[in-house]
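The structure under discussion appears below in the form of C-alpha cells.
Labels run A, B, C and D following the written order; every chain starts at residue 1.
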Amino acid sequence: MKKLADLVIKLGNVDRRWIFIIIAIVVMYPLFKPLGLPIRPSESSQEVFNTIDALPQGSKVLLSCEYGPSTKPEIHPMAIGVLRHLFEKGHQVYVTCLWPDGQFMAREALEQVAENEYNLTYGEDYVLLGFRPGNEAVIKGIVSDIRKMYTIDSRAIPIADIPMMNGITNISDFDFLFSASAGYPGTVEWVQLAADPTGIPMSTGVTSIQVNEVMPYVDAGQIKGILAGMPGAAEYEKLIGKPGIGTSGMDAQSIAHVVIVLFIIFGNIAYYLERQRSKKTF
Amino acid sequence: MFSAEIVGAWIAVFLTLAIFSYLYRDNPFYKIAEHIFVGVSAGYWASMYFWTQIQPNLFGRLWPALHEGLSLGFLGKLWYAIYNFFNLIYPPAFPDGGVATGHGMQLTYIIPLILGIMMLLSVFSKFSWFARWGICYVVGMAAGLRAYGFLNSNVIGQVKGSVIPLVGDVSTGAIINGIILLIGTISGLLYFYFSKEHKGWFGTVGKIGIYFLMISFGASFGFAVMGRISLLIGRFTDLKSFGGAAYHHASLWILAAMVILLGIWSFFNKEEKATKGVPIK
Amino acid sequence: MNDKKFWFTFGIILIAFIIYWLLGHPFFIVERVTMLYAILLAAAMLIFYINKAKRGEKIYLRAIPGLKAFEEAVGRATEMGKPVLYVPGIQDMDQVETVAGVIILGHVAKMTARYETALNVPVARSIVMKAGRESVREAYIVEGRPDLFHEDMVHYLTDDQFAYAAGVNGIMMREKPAAVFYQGKFYAESLILAETGNSIGAIQIAGTASPAQIPFFVTACDYTLIGEEFFAASAYLSEDPQLIGAVKGMDILKVMIIAIIALSIFLRVFNDLGWINFDILKYLTIQ
Amino acid sequence: MFWKRQIPIAIVALVGTLTLFGWFVDQPDIKSFVDDDATQWYDILASFAIFLGALNLLKLQMQKIIKRKKGWQYSIFAIGGFIFAFTVGFLMRGAYTVNINSAGETPQVVAQVVAGEIGGTIQASEVLLGLIEEDAPLMLEKVHFTGKSVNKVANQLKESGADAKIIPASWGAHLTTNGSFFNWMFFKVFTPLSATMFALLAFLVASAAYRAFRIRNFEATLLLGSGIIIMLGRVPIGSKISSWFVLYVIVLLLGVIVNSWKRNRILTFSTVGIGIILVTIAGIYMGWPIDRPAFAYLPKLQDWIYLVPNIAGARAIMIGIGLGVFATSIRYILGIEKSYIGE
C-alpha cells in the first residue's frame, strides 16, 4: 500500500512535458483513426436550427463574422454549416465582419459553400460587404444606415451596382441576424446595439469560452439558440445532415476530455495522499 | 516546383512548430516566431484599417472623385491642390482625380483627420498629450454607447428574463427550474452586496449565492477546456495536411530538423536548464 | 437628505423634463422612455452616494475573507524568510482592473514594510511600472521604512503575454516566494502562472474580474477575489470616497433590481390570472 | 494644463452625453449625426489608434536594438516582420491576373502556354480558348504576386499570337483577393502564428489539470464537479457513459462526504454498501437502460446544469457587470473618473 502511495505521489509530480506528450498523442490519434462516436444535438443547437429552418423563403439574412485564425477551428464549421442551411433554403446572405481577420474567414467559407457547392452568383445570392473598423460603432452604423458605413463591398464594387443591395438601407430590412463570434466585438454587442433596440431575431455561434457570457441572453429570449464551440458546430452539422470539420473533430475532443478528467482525478488523489503524509510527519 | 503554396506551407509549418517548441522550454525558435508575430501583426492591422476605413471613408469623403465637367471654385482648387500633393507621394491611395468610393464631400470629416494626426504625433514624447483628444473622443463615445447598451441588455433584459411565468400553460418542472434560477440569480446578486455584514440569514443567502456562482464558474471552466482542445485539434489538422505528399512532407522534415537543433541548443545551454523548465518539488 | 446641491440639480432636471413633456415632447422616442427613467434613476443613485461619501459620511463595507488572508500570507513569507511576489496583471493602466491591482499593491507593500519582507513586482507595461513604484514608495514611507524601499522592487519584464508569463515563471522557480499575489487583468496566462505557483507550494491569492479566468484561479489558488469583490477590495483599501460611494450606490441598485424582479413576478402572475390588465413584460422590452 | 486636461475631459463629457441621449432623440439632423457621422469618426479614430500602436511598437523595438538591450537580436525579427507586412499591404499590389481577349491565329501555341500556366492538358486549354467570345475573355486563374512574373506570362502569350491583357487587383481589394500576396501572408504567416499561440493553451490546461486543479474546499469541489460534468456531457462520449455508472460514482462520493463529515468507518462503509445495493436492485429492476434515470445520464444532467444553475450564476454576474460598466461610463461622462488620461 505504501509503495503504491509512493508511486502515485511520484507520478503526481512528474515532469509536465510527459503530460504534453500524452495530450499530443491523445488528440492526434483519432485524427488518423476516427472512432465515429454518435452526436446528439443539444436543446440550444436545435433552437438555432429551428429558427433558421422556419425563415420564409427568400429571406434576407445578415451574417456577421467575428473570428480569426486563432478561433477558426471552433467557429468556421458553424459559419459553413449555417451558410449551407441558408443557401439550401434559398435565402439571400449578406456578410459583414467586425474583425479584420473575419473578412478572410468569410471569404473562405463563401468560396467553399456558395461558389463551389451551390454555384451561386455574387451580388445576387450573396455578398461579402467586408470589414469595417470601429467595433460597436460599426453595429450602430449598420443599424441606422448601412449605406453610409458601406459604400463599396470587399471587392471594391460600389454598393449601388450590387443588385441584392436594392432596398437595403438599415437593419430593419433584414429578416434574421446570425453572429459567428469569437469575442469582442461580437455577440454581446450585437445583442446590445442591434437585436435588443430593434427587435430583429438573432441567433449566434460562439467559442466555448464565451458561452457562459452569452447564455443569460439566450435564456431571456434575447438570442434564439446558441451554437457552443466545436461540439455545437458538430451538432449543427448533424442537424442539417452534412458532416464536416466539426464532426471529424469530435472524437479527438471526446478522448481529450476524458483524459483531462482523469488527470484531474489522479492529480487530486496524489494531492490527498501527499497531504495525509505531511500531516503525519509534522 | 516551388510554388507560393508549397513555400507557404513550409513556412507555416516552421512557425507552428516553433511556437509549439515553447512546450519544451523557452528557446530561440520560439522567440523568433514570437517576434515575427508581433511585427507582422502590427503591419497587418495597419494595412487592414487603412484600406477599409481611412482610405475609403475618410479620404473618400474629404476628396471624393470629381465628376467630369464639374468646375471648382478657387477654394476648391486649393483644396484639391493638397490632394494632388498626396497623389504625388502615394498614388495607390490617392488616385488621380479623387477617391471614388461613392461618398459626397463632407468637410466636417476634417475634425477626425486632425484628431487622428494629433494621435500619430504623440509618438514624440514632446507631444505625448496630443493623443488625449482622440482617445477622449473614443472613450466618451464608448461610454455613451455602453451605458445604454449594458443597462438595457444586461440589466433590464435580465430582469425581464427573471420574471418567470408561474401560472398558465407551464409544466411543474419548468416552474421548479424557474424558481431555482430565480433563487440563484438573487442570491448571487446579494453575494456581491458589500455594505452589510454577511451574518445570519444574510450570510446564508450569500453562501447559496457563491455556490451558484461556483457552479457557473465550473461550467465556464469546462467550456474553457473544451475550447482550448478544439483549437489544438484545428492546428493538428493543418499540420497533418501539410505533412502530406503534396507539400513534400513539410511537417515531418521540419519537425525532425527542429528536434535536432533544439537538442544541440539544449546541450550547449545546460546551466540554464537547471533553473528553468524542470518542475521543482 | 442634506445634500442640497444634489436635490437642487435633481429638481431642476425633473422640472425641465416635465415642462418638456407637457410641451408635447417633440423629437422624443416615446418607446424608450422606460430606459430614460432607468438611466436617470441609476445615475442619480450613484451620484448621491458618491457625494455622501465625499462629504465624509461613514459607509460600512463588510470584510472580505480573501483580504484577511493577505496578512496571513505575508506573515508566513516572513516566518519562512522568503520573498513575496506580486503580479499586477498584463494590461495597461487604461484597464480598471489594473488600476485596482496597483491600489492593492500599495496595501501589500505596507505589510511587507511592516514585516521587513522582500517584495518583488514584475510588470508588463512601463506605465504600470511607474505607477506601481510610486504606490510602493508611498507605502514604505507611510510605514516609516523608506530605508527598505528600492526602485528595483517594481521592474519591467516585457510587454508580450507569454514572454511575460515565462519571465514570471522563471522568477518563481529561482526565488521560491512563499506568497504570490495575482491582482489585476489576466488572460490565458492565468493558468500558467497559477500552476507554477502551485508547484512551488506558495500561498496564492488571486483577484480578477475576467469571468473566464476566475475558475483557473479558484482551483489553483488558496484565495480568490471574484469579480466585484476585487473592485470592492480596492475601494476598501484605498479609502477613496468616490470608489466607496460607488460601491454603496451599486449595492442599492442591486437591491432595487431584486425588488423590481419580485414586483414584476407578482404583476405577471396577476396579469396571467386575468386579475389585472397590465403586462409588465411590455415595459421591460425596450426597442 | 487647459489643453491637456480640461479639454479632454470636456470632450468625453460632450461626446458621451450626446451619444447617450442620442438614443432618445428623433430629430433627423441630430439623429443622423449621432448615429452615422459620430460613429464614423469613432471608427476613423480607432483606425488611427492602430497606426499609433504600430509606431509605438517600432519605436520600442528600435530602442531595444540601438541600446543593445538583452535579446535585441530578436527585435530585428519584429521589425523585419513589420516591414514585410507593410510592404505587402501598402507598396505591392501582389495580385495580377491575365485575361485573354482572343487566341489569335495560332490557338495551339497559345494553349501550350496556357497549359503551362494553369496546369492541365493542352487539349483542355484549347477547349477553354474555344470558349472566348467578344465580351467574355478567358481569365486565367493563376494569380501572380509581382508585375515582373505576370509580364513574363503576358509576353509569352503575346508572342504566341494571343491578345492578352494584365489585370491588376484594385488597391484596397488587393488585401483579400484570392491568391494575392497579402492573402498569402495572412494564411501562411499570420494564421499559423496566432492559431498556434492559442493551441499552446490546450497543453497547459492539461498540465494544470494534473498538477494544480485541487479540491481545497467545498467551493472548488462544486466548481470542478460541474466542470467535469460539462466536459463529459457536452461531447459525444458522454452519451456512451451509462447513468448507472454515474450512480455508482455518486454513491462513492457520498461515502467520501460522510467520511470527512463524521469520521466514522462503520457509518461510511454502511452508506456505501447500502447505496451500492440500492442502485444494483434498481438497475436489475429497470434492466440497466443507459439513459435512465435521466438525472444521472450525463448529456441530460449536463443540459440541466448548463440551463439552470449555470444561468443563474451567469446572470448574477452579468447584472453585476452591467451595473459596473454603467457606473464607470457615467463616471467618465460626468468627469469623476479620469484614469484614462493617467490621473
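To be clear about the criterion, a contact is a pair of C-beta atoms (placed from the backbone, for glycine too) under 8 Å apart; a residue touches a chain by one contact, two chains touch by 3 or more.
Just so we're clear, the structure is a prediction, and the values are computed from it rather than from any experiment.
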Chain pair with the higher count of C-beta pairs in contact (A-C, A-B): A-B
Approximate Å spacing (C-alpha centroids) for the pair chain A, chain B: 15
Chain A and chain C: spacing of chain centres that average the CA atoms, whole Å: 31
Centre-of-Cα separation between chain C and chain B, whole angstrom: 23
Interchain centroid distance [CA atoms averaged], chain A/chain D, Å: 9
Interface hub residues of chain A, defined as touching at least two other chains: 13, 16, 20, 23, 27, 70-73, 103, 130, 132-134, 137, 140, 152, 196-197, 209, 212-213, 216, 219, 228-229, 231, 253, 256-257, 260
Residue list for chain D, restricted to those that touch at least two other chains: 20, 23, 39-40, 42-43, 46-47, 50, 172, 175, 186-187, 190-192, 194-195, 197-198, 200-203, 205, 207, 209, 211-214, 219-220, 223-224, 227-228, 231, 234-235, 306-307, 310-311, 314-315, 317-321, 323, 326, 328, 330, 340
Shared-contact residues (touching 2 or more other chains) in chain B: 22-23, 31, 34, 38, 44-45, 48-49, 52-53, 56-57, 141-142, 145-148, 150-155, 157-158, 160-162, 181-182, 185-186, 189, 192, 213-214, 216-221, 223-226, 229, 231-232, 234-235, 279, 281
Pairwise touch network: line, ring, star, complete, or other: complete
List of chain A residues in touch with chain D within their complex: 12-14, 16, 19-20, 22-24, 27, 37-40, 42-43, 68-73, 101, 103-104, 107, 111, 130, 132-135, 137-138, 140-141, 143-145, 148-149, 152, 154-156, 197, 212-213, 215-216, 219, 228-229, 231, 234, 250-251, 253-261, 263-264, 266-268, 271
Residue ranges of chain D touching chain C (in the complex, touch as defined): 20, 23-27, 30, 60, 197-198, 200-201, 204-205, 207-208, 211-214, 216, 219-220, 223-224, 227, 314, 317, 319-321, 323-324, 326-328, 330-331, 334, 336-337, 339-340, 342
For the chain A and chain B complex, residues of the former touching the latter: 13, 15-17, 20, 23, 27-28, 31-32, 70-74, 100, 103, 130-134, 136-137, 140, 151-152, 158-160, 188-189, 191-193, 196-197, 207-209, 211-212, 216-217, 219-222, 228-231, 245, 249, 252-253, 256-257, 260
Chain B residues within the chain D interface of the complex: 4, 8-9, 11-13, 15-16, 19-20, 22-23, 31-58, 92-93, 95, 106, 108-109, 111-113, 115-117, 119-120, 122-123, 129, 131-148, 150-151, 153-155, 158, 161-162, 177, 180-189, 191-192, 209-219, 221-226, 228-229, 231-232, 234-235, 238, 279
Complex contact set, residues of chain B against chain A: 23-24, 44-45, 48-49, 52-53, 56-57, 60, 101-103, 141-142, 145-146, 149-150, 152-154, 157-158, 160-162, 181, 216, 219-220, 223-227, 229-237, 240, 278-279, 281
